[in-house]
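You will see two complexes here that share chain A, one where it goes with chain B and one where it goes with chain C.
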Partner chain A sequence: MIERLSILIVEDNAADRMLLSAIVSRQGHRALTASNGLEAVALFDRERPHLVLMDALMPVMDGFEAARRIKQAAGEALVPIIFLTSLTEGEALVRCLEAGGDDFLAKPYNRVILEAKINAMDRLRRLQETVLQQRDLIGQHNEYLLNEQRVAKAVFDKVAHSGCLDAPNIRYVQSPFAVFNGDLLLAAYKPSGGMHVLLGDFTGHGLPAAIGAMPLAEVFYGMTAKGYSLTDVLREVNAKLRHILPRGVFCCATLLNVSFQRQAVEVWNGGLPNGYLLRVNGERVPLVSRHLPLGVLEPAAFNDACEVYPVSLGDRVFLFSDGVLEAGNKQAQLFGEQRLLSVFADNQKPQALFDEIQQALLQFSGDQQDDVSLLEVSLVEDGQVKRPPLTFSDNGHNHLLDWSATFEFRGETLRYFNPLPFLLHLLLEVQGLRPQGAALFTVLAELYSNALEHGVLGLESSLKANAEGFADYYRQRSDRLAHLTDGFVRFHLRLLPEGGGGRLRLRVEDSGAGFDPQLLLPQPDDALRLSGRGLALVRQLSERCQWGDGEPGVCVEFSWKAGA
Partner chain B sequence: MSDIHIDSAVLAALQDVMEDEYPVLLDTFLVDSEERLLLLRQAQQEADAQNLRLAAHSFKGSCSNMGANMLAGLCKQLEEVGQREQLDLAAELIEQVEREFAIVRILFKSERQRYRH
Partner chain C sequence: MAITSLPSLDGQELTILIQGRFDFGAHQDFRNAYESVSSTPQRYIVDLKDTTYLDSSALGMLLLLRDYAGGDDSMIRLVNCSSDVRKILAISNFEQLFNIA
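Our next item is the complex of A and B:
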């Protein structure tokens, strides 16, 4: 059953007008009548009928002009006009169409044909109405979506860009809307010096791809700032993503732990293309994906094993998102790893390499690609990287000044638990120590790794004298740690008020054969680089550093003055 | 009724569509046609071929709707005369139109009478 339409009949001949009016009314529609074009236009403006039956030749204003005006007044809505005519010349019919007519009805009128034409025109009219509604709806949805993306991007930028991508040893290229391609680039200073870097690539596009970036960035920054290790961060990120993301959404990622003091880079690659460690001497070490992406495996099945590479000043790590290798050109070819490696091979000036890769991509694909993320991290002197002070979120009214505590972490605990974030958190409740937080954490980290690696695990630091030994050292470290059942590391913390300020005495001892003071003596550069550098640092950063004076282990002190 | 002048099938269809309004339609046609005839005469006297053509075209349309086929045919010839600007042929044709309309009028009047009873 067709809905009731209002139909405007424009006809100068009274009998014909009457006849049409009767036909249309009997079909259940409402008939409006006009006897010339001018009346018709006025009536159209007033009544907005759905459809017009229009005689062509009329006095005052003919049907052609009236049709033009009605079509104009109707705007985007389709108001079908059926010309009533006994005109037969082709030219006259063309004029009807040019004036905006949609169909013809010849005299004498045939009821059945008129009804069929009205129905056909009504279908067209409704189709157009639907198209317009859907267009407006799509427009609204699109506006809504863009707005959501703007808000999401603003929030995301706040979260993701709170890190240190602007550090002098980092160069990167990333589209401002990369997050909606699922690309993610994060870098953060560790409290012990050095930095954690992450290049991630979520599956999918748009908001679903961006949504996982927020919790990932939160975990990455939060845990890095609290002193957690790269493997702690990896485990937490994987567990969190696995828990919150729907099946099929995950994050291919490479994480780096860059240690300027230890001159080592730890790498974990899950599903991203090969990165490269490019040494100053030109040697190129591929950083291969050895894991499933983050968010795929259950926590128990997740493998956090990293590869550790010794590095020297000027060595660089390059990381690439999928978009680099998959950048396409007009011939639908992909940029691919071969082209990327030949850019490496052709490079003359090391500093130009990063730009050369970008240029090669641009030349190949012809325009900027939205999903290309590219990162270069250089190993520089520790002092060249300026770390911002640690930030705190409490109310600043803590006065924990007079206490002491001893912690002993034993065998199995040492296998799984990293005590450093816990200790740092405790110590930084003391406001006076906060300005020295970074130095304190560096010292704590060095003393702990010395106690664990040499004391508890019995590793020989002389192993690290060359690159093979270096790798061997870290292999043995993880083997022995995995099977650790005995031994301990003890932290003795003692806080003393002192002339309005205060003093921290921190002693670290372990179950091993004893601390080797030889490591603290001045050593030649080479040895320094691969082994005892950390302990030299302890001496440099702490106010006093003692060992072997009757108490086991190493004792360091930090003090602060009133009002600090 | 003579089918040469008026198509009785068309009249039956009109009666079906118009129902009670059928006699009004017949009256309206007759009144309207008198007016068209005047316009035809006037155009011929003023030797206005364009108006002659328009008036004949419009008359033709309503005649065909009312089933007055012979009258519609004469109007068609008159329309063509107007289009070709052969005004010398117009007077003779208009007379034929008037004669035919006189017959049609009688037939419609009687149809109207018949319907009333």
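Our next item is the complex of A and C:
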């Protein structure tokens, strides 16, 4: 059953016009008639018929011109034009087609052939209609998808570029849609000073690859702000990604814990290409992937072992996504590690290296790559990095001023539990201590690591006299900690109201041979000294710092005035 | 890209041969290669001798196979790895999960 069409018949001969009308009507279609080209064009504009039967030679306007105008008016829709012609020579027939005719029918008319041609042309017409509809639908979907991507990208950009990527010691480039290819760059200040930095690369492309960025960023920022260590963050991120991501999606990542005060960088690389620590003296230390990517292993099997490197002012860490090594050129070659290393080798001024790498990439591949993330973190003076004050979601307690508590963390717990976030959280409930939160946390962290490392684990800080010993020190630290069964660290907290303000007295003791007060004495400012830095800080940052006055351990005090 | 699966005569072992690029485009074929065999193999061999390229989605697919084959109890060997392929596997430390030869 054929759809009823309206068909425009253009013929100057009245008898032919009637004959054609009769054939068309008998076939079940609606016939419109015009006696010359000009009439036909006007009628077409008014009635928009589906198909046109067009005589070639007519007065006023001939069929060729009318066909051209009708085709133009029809636009993208296919309005088939069948030329009716007594012309037989090839050249004339070609003119019909060139004017936009789709077929022709020779006079005298054969009813059967005309009907068949109308049906054939109608099939073509509907095919074109379907194609246009589908094209518009795809266009709509595409528009919709692009819009969703724009919105999602705006959200991802916020997530991926919040934190402290704008810190003066960080430089990075990330190609505009890299985040949409699953690249992720995060940096956040630690409450104790220093920062955590992450460069990640999720498997796959597009939205599915970017989706893991949200939970990862949330864990990273949240835990870092609360004072959790890099290994705590790593374990949590891995567990979370493993739990929520489908199998087969994971995140290759390098995490850095940069401590300006202790002048150390802690590194964990799971699945990213080598990063490099470039020292001021030109030495280049590769930061090698030693772990499976995040989100692959069960929490119990996850390995959070980091490498610790002593660093000094001006040392730089460079991290790369695999998009850097896999940047391609027109000859389908890859940029590769050799080319990257030769940029390192050719470098004269370390501060120019970042630009030189970008330059080399651009020269090699000729245009911007869509999947490139490049990061430089340099070690600067602690004071050069302005930390924003800690932020709080509530006001804290005004009257939490008269209490004391003692916490003792013993062997088994020390192995697995980092008490610092817990203690910080507790102390920062006290409103008056909040403005000093960062200093308080630094002091707490230094006293704790001193108690744990020297007191409980019995490590000698003299080990850290050189870079090799430094690494050895941290190896022994994790070794001994893993086998720890006894020993303790005690925190005595005492809050006292004082003249409208208040005072915190904090004493830290441990089960070891006792506190080494030598470390607290002022020492010559030796830039190469790799130990004792932390405890010098304790003296600087706390209001009063005492030891050996009858009570075991070290006692520090913080106070604040009314209204502070 | 072509993926062929060849079960051993006793059905105990399944060899999956990957030719050309092993990337996201191979996703469905790779899954079919082990999901649509009638036997339940004890051991899997992924033969990468004709694999020209392997990307991180391919690593993901290998993890899927590992899960399918029993996770930690699976026995999967990745054989005939070119130096490029071996390097990619090494960066991700996949030798901790797979037997790589």
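By our rule, the second predicted complex is superposed on the first by the 538 of 564 C-alpha atoms of A that agree within 3 Å, B and C clash if a C-alpha of one lies under 4 Å from a C-alpha of the other, contacts with A are read in each partner's own complex, and residues count from 1 in each chain.
As a convention for this text, contacts are C-beta pairs under 8 Å (C-beta built on N, C-alpha and C of every residue); 3 or more make two chains touch, one makes a residue touch a chain.
None of the values given here were measured: they were computed from a predicted structure.
S.K.: Is A:Gly204 contacted by the first partner chain B, the second partner chain C, both or neither?
M.R.: A:Gly204: touches chain C, not chain B.
S.K.: Of the two partner chains, chain B (first) and chain C (second), which one does A:Ala22 touch, if any: first, second, both, or neither?
M.R.: In the superposition, A:Ala22 touches chain B alone.
S.K.: Answer with first, second, both or neither: which of chain B and chain C does A:Leu165 touch in the superposed model?
M.R.: neither
S.K.: Now for A:Cys252: first (chain B), second (chain C), both, or neither, which partner does it touch?
M.R.: A:Cys252 contacts chain C only, not chain B.
S.K.: Should A:Val296 be classified as contacting the first partner (chain B), the second (chain C), both, or neither?
M.R.: So A:Val296 only meets chain C here.
S.K.: Which chain A residues are contacted by chain C in one complex and by chain B in the other?
M.R.: none
S.K.: Taking the complex as given, what residues does chain A use to touch chain B?
M.R.: Within the complex, chain A touches chain B at residues 12-16, 18-19, 22-23, 26, 57, 86-87, 107-109, 111.
S.K.: Taking the touch rule as given, give the residues of chain B at its contact with chain A in the complex, in rising order.
M.R.: Interface residues on the chain B side: 10, 13-14, 17-19, 21, 24-25, 28-29, 31-32, 54, 57-58, 60-62, 64-67.
S.K.: So in the complex, the part of chain C that touches chain A is made up of which residues?
M.R.: Answer in residue numbers: 24, 56-57, 59-61, 63-64, 67, 90-94, 96-97.
S.K.: Considering only the defined contacts, which chain A positions touch chain C in the complex?
M.R.: 201, 203-205, 247-250, 252, 270-273, 289-293, 296, 322
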